[in-house]
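This report refers to the structure that appears directly beneath it.
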């Protein structure tokens, strides 16, 4: 029963990843990257890597996103691609 | 064969290097030149002190450090090396004296640098003479190339710059591009680069490889100015005359031919070259250089350039002698190192003395100069005779031996080359002498009353001229050394 | 065909990580915005982590924390096969730390670049350099 | 205590890093002496370790007391002891020489600078001694991160170059990590010695083959091997001078060491040379690297940039020498790691001295320097001669081994490339010497005259370190035979002839 | 560029695809990776270290050396950011803005003059458009203590449940970052200033490395916590457990401080003004 969930999350990871590099707004890209990290963390939790998932949740989805947003705030949101 | 183990060769090489700090930090010019003299005399004394042992057929060995497995920095003094070292270290003393006169006479800049690099060059030359293997020789060969660069470019002007470039490109370029790979390939075949009387390469490589290696070596030692790698030598004549004299008539170019002869006899071995019949192409190259060099010398007006082309031709005599692979030929080639050295250095000293006294460089401006500077021009005449190979001078002896060698080897063509080139030598030297002594001086050419050059210039050139004469009647120890080593390398 | 599909499905995690590596690398090479490149770089790093976590996974086994370990009931046999392999998890904790550290330094440099050129687009930066 | 040498050699600089930061928070002037002390300790330990390895053979150290493969182990053999000493020497010498420069450049951030500096050294030394493939990755990242920061801290294009360095470096490191993951997937271990035991049975597996290729590609990227070299000249030439004289000698060389370590002691020569059969293409790539590096160096008229292109060529020397696959070639590559580290240090240090005094790194601005900075230029000449490969400097001897290896392997193309690069180096350096030697006698007396006359010798400590490195160049050359027979011969597995 | 990118990623992808068919099936408990070293950890972690969370045991003990360097990596990232971005300004002569929080009136004070620090009603701001938001400030003030408490729990309970020094440290740092976002950087500095953050990060790693050194001085190898037994009055196994706790605290401290200092530098671009 767990397998479909696994697959769905994996598809979400892919979508978020592609979205993060495609969206034409750096703030959006940062947020999507946070979502990507969070989806990734779910995936790992499902695979039983609880410690890794925990870390990714706090680091990838949490602090990294904050850093990205802070950096974008200090530079510019504009992107051409 | 007796061998002696002694550090004397090492010290002989190092003496002038150790003198450099003393020369460099001397406060006054007199002290500086005092150190130079002292180093030169000590060096000569050290070299000479080894002579008796060598004349008794012994060899002196000194191994410094093993830098590569089976290959060490090592010195070995044998007859041939002794011959060259004697010539070079003796002439350093003379040249030092001459340098003082010349450099002070012209009030040159950066004299300290000049004397320092001169000392380095001499170390390198003696190092080449005494090296026991190809690696050591290569080391000192490169050292010499680099140490002479500041000397060649002493004037630091645009001409010196282009000449320096050419000089380095030819000498270092050829040695890195040709000698180094040839040496490595040799090492790959033999695992050993020691010079041995019968060669180390015998029986390890095919004829094609040996031929290739031979020509890489012959052309790679571009200091020997074998055509087509000769054009650095006339260019390097921009250097101050003592530099041209010692380095381009004695140390640098002789190191080139010395290396070639050493490699032919010590690495390849005469037997193998004979077996593979490789002497003919070598003879051809040398003969071409002799003839072409002489012809070009005919057309030169600048005295030093003429001497340079004459040197190119004369150097190939030595290569020619070695390439004959016969005992007489090799002997002739080796003795010619000494004879040519004394003759040519006299000529260069004269050219320098003329320049110091009058500021003239071209032959066409020297009309009647013999009356003004009789000693100098007499010495010039003697030197020229020696180079041509006329009887009262030592040059006759070496050429005679070479001719005998050619006959011994049944090389009639070579005989013709030797004789014809002597004619050419006469053709380019004699007009100078004629113009100097027998044409009336054109006073317009000389503003003031021209006198002899400073004493420091004249005495050395007189000495070398006298020695050139003496060598005909008393060619020892050079002749004996050459005969000894020729006998050893040809196995007779 | 059937076996190919089964083979494909049995390793879909591995295919996914390859896809993510490719996405990340594409962003790093093709995108001209520096922050986009940095995001691409992090995607590559997480993809590698996904690969390691996939190595560790064992179908139907439990997380690597010993049940009742703290009750001190003696050393009842712990079966290695019952637990998911912990070693890759440990390694990946380190890798995550490395990725956040790299992110921090990269962002700092991006801010410095912006300070200097006023833009994050590589082509515009190249133009500014030309102008100088 | 000597039992702990392998650990201490890393721990001393690591612990010192934190103390330096704390010390610098108290008083900025404490940073330098603390760093010097720590690096000296590390250097002495490294030398002690080398002595111990020569005497007793391989030294193992089990961190946290767990034997491998459960724990992490250091395994110090002749190879890493030698490289370790080279790294420690370069780090220490560069530190001493660049004190004034650093003070001038980073006056307000000395603490962070020296902390990063020593962490970089700790990372590099760790890479050299570690016997664990994953531990190596962590140390790689530490060295890389500190390197990025140091390289990026300069005005101009440095931050951008450093950012590109980060991108490339991270991809390289990730690929390496991936390769290690592949190996872990099929063997279940991360210890290098254990991997070497377990891998031979798995050689037919495609996983091992791809692990090999991925690792190699990753390492080639990190070392700046030819087609992946684009980041290197930018990063090294735009970096601050005291940093480029640290990073340029060490980082690429340590990466080459890692390649040698992985190929010889993890994948084993039988796999790397015989089964994979990539020696030929690697040597050809190396030839391309040498030729391309040399010609690119010819095309630039900036001193530091020229030197970095020379590094690109030198990387080709070492990689090519290694992939010749015979004892001579590999000896040459290892010897050249050491020699090139000192050579590059020497040449970059003197370049730093020159640039700091002249105020520009354009070759054309170096007129008359032989007069103004005789000692610095003298050392620069020695370094140049060593890079050209003139005996008795050490550059000649490693080149000798490399060319002998090429001859023995029948790779005459590689030999030709080495000779060509020597010749081009000759041109490169004498081009500079000419300008420094001839120029002032031209027309630059006017406007530039007073500018040049303001130039004078570098600070005393810089001169001392310069002379020391120059002497080292000769010493390494003269003792090349001993280094090879005493150390490098034992470092290469017996099977390689 | 796109074309080049496509070619590159196709090559990399091809390289990675090439090996994949030979992989063991995903999730296979019998795969070689699961049979060699990791069973040792699973079977011996509790008896060796008395830590049921195997990941923590391996992280901080078996491979504790990696973790020390992992902490050093994060430390160097913090220092690197500081080194690259920090702008030290001796004295500012620019205009300063102060806002009266209750009324929203903004004061402009020229030539570097300033209001007394610590007055509750006035707040220094850098840009006029930043709004004052009571709700966010109050909510965050309520949340932060709980987050911090949770962080401490994560560090302390890492032996038994997922978590440990690293996660706890990040969470603790995130709490401070949250405070800094909801108020401003200057206010955060009053809680944890730059120097303290640096000191804490160095002290954290030093605690880790120092523990290792202590083991070395007590006659063991570096980081061999069992040698701490005499010092801690326990047996070797419990000493390992305690040693793990000590280093986890060090890691937590260092990570927390570094995360905060990274945020300080990134969000203000090194100027240490009001931040986000």
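Per-chain numbering from 1; labels A, B, C, D and E assigned in written order.
Rule of thumb we're sticking to: a residue touches a chain if its C-beta (ideal position, glycine included) is under 8 Å from a C-beta of that chain, and two chains touch if they have at least 3 such contacts.
What you see is a predicted model, and the numbers here were worked out from it, not measured in a lab.
Grouping of the remaining chains in the absence of subunit C, by touch, is one piece.
Chains making contact with subunit A as well as with subunit D: C, E.
Of all the chains, the one whose CA centre sits at the greatest distance from that of subunit C is B.
The most central chain, judged by C-alpha centres against the centre of all protein C-alpha atoms, is D. Farthest from subunit A in terms of Cα centroid separation is B.
Comparing chain pairs B-D and C-E, the larger number of C-beta contacts belongs to C-E. Rounded to whole angstrom, the centroid-to-centroid distance between subunit A and subunit C, based on C-alpha atoms, equals 11 Å.
Subunit E has its Cα centroid 19 Å from the Cα centroid of subunit A.
Note: centroid distance subunit B to subunit C, computed from Cα atoms, is 71 Å.
The centroid of the Cα atoms in subunit C and the matching centroid in subunit D are 29 Å apart. Counting partner chains per residue, subunit C has residues 12-13, 21, 25-26, 30, 32, 54-58, 61, 63-65, 87-89, 91, 93-94, 97-98, 100-102, 104-105, 107-112 touching two or more of them.
Touching of two or more other chains is recorded for residues 134, 138, 141, 145, 148-149, 152, 159, 178, 184-185, 190 of subunit D. Among the residues of subunit E, those touching two or more other chains are numbered 16, 21, 23, 31, 33-34, 37-38, 41, 53, 55, 59, 63, 66, 70, 73, 76-77, 80-81, 84, 162, 166, 262, 266, 269. Chain pairs that touch one another are A-C, A-E, B-D, C-D, C-E, D-E. Put simply, subunit A touches subunit E in their complex at residues 50-51, 53-55, 58-59, 62-63, 66-67, 69-71, 73-74.
Of all the residues in subunit D, the ones that touch subunit E in their complex are 4, 7, 11, 14-15, 17-19, 21-22, 25, 61-66, 69-72, 108-109, 112-113, 115-116, 119, 122-123, 126, 134-135, 138-139, 141-142, 145-146, 148-150, 152-153, 159, 178, 182, 184-190, 198, 205-207, 209-211, 213-214, 217.
Touching subunit D in their complex are the following residues of subunit B: 65-69, 71-73, 135, 138-139, 142-143, 146, 150, 153, 156-158, 160-161, 164-165, 168-169, 172-173, 176-177, 180-181, 184-185, 187-188. Note for the complex: subunit C touches subunit E at residues 7, 10-15, 18, 21-22, 25-26, 29-30, 32, 54-61, 63-67, 69-70, 75, 78-81, 83, 85-91, 93-94, 97-98, 100-102, 104-105, 107-109, 111-112, 115. Within the complex formed with subunit C, the residues of subunit E that make contact are 1-2, 4-6, 8-10, 12-13, 16-17, 20-21, 23, 25-29, 31, 33-34, 37-39, 41-43, 45-47, 51-55, 58-59, 63, 66-67, 70-71, 73-74, 76-78, 80-81, 84-85, 159-162, 166, 262, 265-266, 269-270.
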